[in-house]
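Quick notes on the structure that follows.
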Amino acid sequence: MFFASDNWSGAHPAIGEALMREQSGYANAYGASPLDRKIEARFNDIFEREVAVFFVGTGTAANSLALSSVGRPGGVVFCHKDAHIANDEGGAPEYFTGGGRLATVSGPHGKMTPDELERIVARYPADFIHHGQPMAVSLTQSTEVGTVYGLDEIAALTTVAKKSNLPVHMDGARFANALVALDTTPAEMTWKRGIDIVSFGGTKNGCWCAEAIVFMNPEQAREMPFIRKRAAHLFSKTRFISAQLDAYLTDGLWLDLARHSNAMAERMRAAFRQSATARLAWETQSNEVFIVLPKGAAEAARKAGAQFYDWLTPADQPGLINDGEVLVRCVTSFATTEAEVDRFVSFLEAETLTQQ
Amino acid sequence: MFFASDNWSGAHPAIGEALMREQSGYANAYGASPLDRKIEARFNDIFEREVAVFFVGTGTAANSLALSSVGRPGGVVFCHKDAHIANDEGGAPEYFTGGGRLATVSGPHGKMTPDELERIVARYPADFIHHGQPMAVSLTQSTEVGTVYGLDEIAALTTVAKKSNLPVHMDGARFANALVALDTTPAEMTWKRGIDIVSFGGTKNGCWCAEAIVFMNPEQAREMPFIRKRAAHLFSKTRFISAQLDAYLTDGLWLDLARHSNAMAERMRAAFRQSATARLAWETQSNEVFIVLPKGAAEAARKAGAQFYDWLTPADQPGLINDGEVLVRCVTSFATTEAEVDRFVSFLEAETLTQQ
Amino acid sequence: MFFASDNWSGAHPAIGEALMREQSGYANAYGASPLDRKIEARFNDIFEREVAVFFVGTGTAANSLALSSVGRPGGVVFCHKDAHIANDEGGAPEYFTGGGRLATVSGPHGKMTPDELERIVARYPADFIHHGQPMAVSLTQSTEVGTVYGLDEIAALTTVAKKSNLPVHMDGARFANALVALDTTPAEMTWKRGIDIVSFGGTKNGCWCAEAIVFMNPEQAREMPFIRKRAAHLFSKTRFISAQLDAYLTDGLWLDLARHSNAMAERMRAAFRQSATARLAWETQSNEVFIVLPKGAAEAARKAGAQFYDWLTPADQPGLINDGEVLVRCVTSFATTEAEVDRFVSFLEAETLTQQ
Amino acid sequence: MFFASDNWSGAHPAIGEALMREQSGYANAYGASPLDRKIEARFNDIFEREVAVFFVGTGTAANSLALSSVGRPGGVVFCHKDAHIANDEGGAPEYFTGGGRLATVSGPHGKMTPDELERIVARYPADFIHHGQPMAVSLTQSTEVGTVYGLDEIAALTTVAKKSNLPVHMDGARFANALVALDTTPAEMTWKRGIDIVSFGGTKNGCWCAEAIVFMNPEQAREMPFIRKRAAHLFSKTRFISAQLDAYLTDGLWLDLARHSNAMAERMRAAFRQSATARLAWETQSNEVFIVLPKGAAEAARKAGAQFYDWLTPADQPGLINDGEVLVRCVTSFATTEAEVDRFVSFLEAETLTQQ
């Protein structure tokens, strides 16, 4: 019953096997090996255009260096107030952008709305030096609260951004989960809707450390090799990241893993939709489930070994939680089993009944 | 005949097996898993004292973040002019120290001399703001040109540093190679000789990405968790670094691999000491060998698939190379075989004779 | 009718005369002249304790370097959402703190409340690396909206800060205006209430460029000479700043100028308290006045040469402005005359009547 | 006998009067006043082309922000080993360029030679990430050791820079002194010889704080307003810098002051060319004079109140100083009088004779 986060999982066996295959022999260091080149090129196929790709080891690196590449002095990045870059990266985005600021945008269920984005961007007129200058918009797909931007919603946000000539970054730490939730293609979910740069995550979905920064316009990536090197994020044996991505992207493994992960979340959601005492806090579409539970039931589940995090009540849903209840987040992963989900659901149901 | 660098090698099978073992199951993310804690603690044994340990993925990260942790405004780091931090890290040390400067110190065979270090440090009086303020001394063990500081040499340098209250960092990308070359212990080679912080490298010696920043005084590491996080160098699945180090440090594997690597270099050195036409540029003690060759022989070897780098003639050895000759660097690794070395030596001998 | 800002004024004649006196002769550069030393020492008298003082040329430099001196990796500064550092310094505080974040705190009339401060600080537990670590609290005295923290209010905020071991910075760009409004002493308004570092502003109150960073605990200022130099904020002819401060601090000129400025604001406030159609948006205590006016009257005043800025309606006072009205800010200065105020008030009254 | 530095002087009376004239009245803050615009425009005339101009308060700010504006990740600036940016700015250039490196170039008498510049630039191939990437060339005019680059010398250096597409910055802290020494025009000494950005210094030549960053290509200055603001170097009452420059540039005052300063240096040089015991260390063309003296004479002069600095013997002139001698630097300024020079020369002559 490990639902703390998808990064508590290990690595898919196919990823491990790819690493094993790569361990013998010699290859050019620092991302110049044939395998590195081959996997970089495969991203052209995935995105259906010529892209520039940079492998890094953490999602925070992917996000921060991506933003750094479009950095401007006194720059301001617009993102949802729940965004990972705004809450969980220890200041890395601000650091790598030379003191950039994250101006947060409200919106229900973890999604910026175009109107609210426009309102906040308008606070930073392009030629007004005192407030700082707009630099980029960053959206998270799927979001931090388990929802997924629809294709039209993405297009609406990038339209606002383009009015101010702002590049748009997509934090795709859970890119695959969103993709299969929407049943669409990488091209449709990104550049065809105005996305310029993607943090393409593999770690949370079955790799052990494999993230790629993907530039839809390679020209925009001109300084990126130096940015990555200066940030100490260029691995000498980069081919071990490439090997992971090789397995990840072969025969649609990445999509299968995301589908499995989402299905496990849906299994949990379905159970709680019918529960008498626990309930879904809001509907989600990816591999995160937010549940309102009696506190006692949550504690009992933890004692029984279940792992999940408490979550702050969203400011815009003040009446969500009643006395004696708690809001928790459960995340499924490629490694989650039906049995784990069922055991967790049954445990909570039984416990809740007991407590009444 | 892959002698380009030890980071062109892959990973030792024991490392790969450790990764495979770790891939199933769940564990706390961000360095908080039981395995992470266990391997961190093992460094206490290795260094025979309570140390603070931080795993990162690249040697450049280890060096840069280590220096950042002792950073001071307008700070100056003193290192040999051939140091990796001064030449090969794309400005990462300067970046992570907020614009710190690397003041380079000369010295034969890649080693700073105490006198020269003292002379250069004296250029930056501690309370004179215009030049910048001394911040740290960094020495590379083994050095960039294959030599190894003796224990007395280390002590002499740290004595100079301590006179100016400067912490001393050891870039140990090839820590194990130096250790076995000196036939000493980590404690003797570091804190017993005045070293404060070590970049403990595993990648070049059989891991695929495993580096540790080791603080001899844990109090000095107080800000390090935040420094690493802000630099995006905290891995969510850190346990895959720990797993590598687990295998690496078990049953002295790391020392065995370094002994092998050094022995392969010695095998090559022995051959060239007796060669009629090629010769050692200087004596080395670790896993790097510097050879002066006829240009034609070098070219022929490359055509035959050998990999090695040309090297600049050291400024203090102007007459080292004659017309028609070239200086090259060969690096052996845990993966180098006797057959590879012998084939390379034989090839060059034959080729040289042919060309005469 | 120049009420755009107090920094639209020039310099008080006594300041100019001091500069003229200093212009002949020679003196040590870079802040080491006898006059520099003498004026630095005078701050000990003003603050009734041994302080460390650093002159700089802009208020943004004073604030940013002060915060930089207590900077921590991934650091978070807590300040009111209306704070100058959060809105008007082009990202300088974030830049000089190495990517620090400004976590903003709400509170009516430009003042943080202790409860709200505590609530926001609590979001950043001291040892939780992902959110960033608390670094400092910064409060503005007088505030950006013309109010002044009472001595008890300051003490209450610093008490919250000290619970989390946070140093407290006071942005005193309008320090003198607050001081005379409270009729208190620098010591009472700062360290006796828990303030650690003050940006002591002279520019807005009659100097042309004279700001001082004052550390109540000189030990905390150890790195400051290097921080200022590295930031290029050490003037070679610092004595011209010292000369300004010499005149400024002699015979209480600085307090007289602030009293005058505040009195001019009070003259304006008194008039609008009785006005039939214009009204004070909220009561202020220093040299800023916020007025709600008919739009037409504001436009007419501008056409007639009056200078003042429109102001955004505070989020917590949504019903402040009616249709056809506008909220404006008027700032008085040492240079404002009674005639200017009276002319402005009369003009608006007449104009408003006309428009009805 | 104040020859410590030209920034030990005060301000020319005309500068002071301009400040006095500006002190009354109101004007737009933050560089937007009519006077600011007028003086900015005057630089178009001075440089005989449309330029972009940014006023700042220190030479270090001018240099550092100029370099920051052409900054690149992992960037390397090439400058002479004696350059002010490399020795006397406390790390500001490195800081503001995000950890840029200063790669120093040797050359006799403070001047880079084109061959040596080319040799050092070649160490940083444009697409080789490990060493860092070339970013800019910076030359100092006049140099730190009193010499002046001839127009052809400037052209030769910028030709080398352009081959690598490097912008060229001129540190003109003593721009006027060089200009009158060469008897040429600003256009001839800068953009007509390939200079892109100039730090145009006024402080050392009679202003109290007035420096301008001048971009020959305004397009290159696009981010500069934000860079300056983020660095806290935008003064609210910028017009007091403009007022200084107004007086400075009116009726050729700046050139007259530089001519005077250079003439005083030449008076000193002429005396020491004929001296029996003291001698010029090398010939200079601007307002700095380097003299080799008997140590005793130097000490006696200091006791008599003379101010000057000892200077390190240049590495390429090892035999310059004999036992019992000392190398000193004397700097003249707009404020230096013939009487001061003559008294200094006579004193030294007398003292030297006494000591023999």
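Order of writing sets the chain letters: A, B, C and D. Residues in each chain are counted from 1.
We adopt the following convention: contacts are C-beta pairs under 8 Å (C-beta built on N, C-alpha and C of every residue); 3 or more make two chains touch, one makes a residue touch a chain.
Chain-to-protein mapping (UniProt): A, B, C, D = L-threonine aldolase.
Please read these numbers as outputs of a predicted model, since none were measured by experiment.
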Chain of greatest Cα-centre distance to chain B (L-threonine aldolase): C
Looking at C-D and B-D, which pair shares more C-beta contacts? C-D
Quick one: report the Å distance separating chain B (L-threonine aldolase) from chain C (L-threonine aldolase), using the average Cα coordinate of each chain. 51
The distance between the C-alpha centres of chain C (L-threonine aldolase) and chain D (L-threonine aldolase), rounded to whole Å, is 35
Mean-CA-position distance for chain D (L-threonine aldolase) and chain B (L-threonine aldolase) (Å): 41
Touching two or more other chains, which residues of chain A (L-threonine aldolase) qualify? 73-74, 89-92, 95-96, 98-99, 129-130, 132, 226, 229-230, 234
Per the contact definition, I'd like the list of chain A (L-threonine aldolase) residues that touch chain B (L-threonine aldolase) in the complex. 2, 4-5, 7-13, 15-16, 19-20, 22-29, 56-61, 64-65, 89-92, 95-96, 203-204, 208-209, 226, 229-237, 240, 307, 335
Can you name the residues of chain B (L-threonine aldolase) that touch chain C (L-threonine aldolase) in the complex? 30, 68, 72-74, 98-99, 129-130, 132-133, 223, 225-227, 229-230, 234
Of chain B (L-threonine aldolase), residues touching chain D (L-threonine aldolase) in the complex: 73-76, 87-102, 129-132
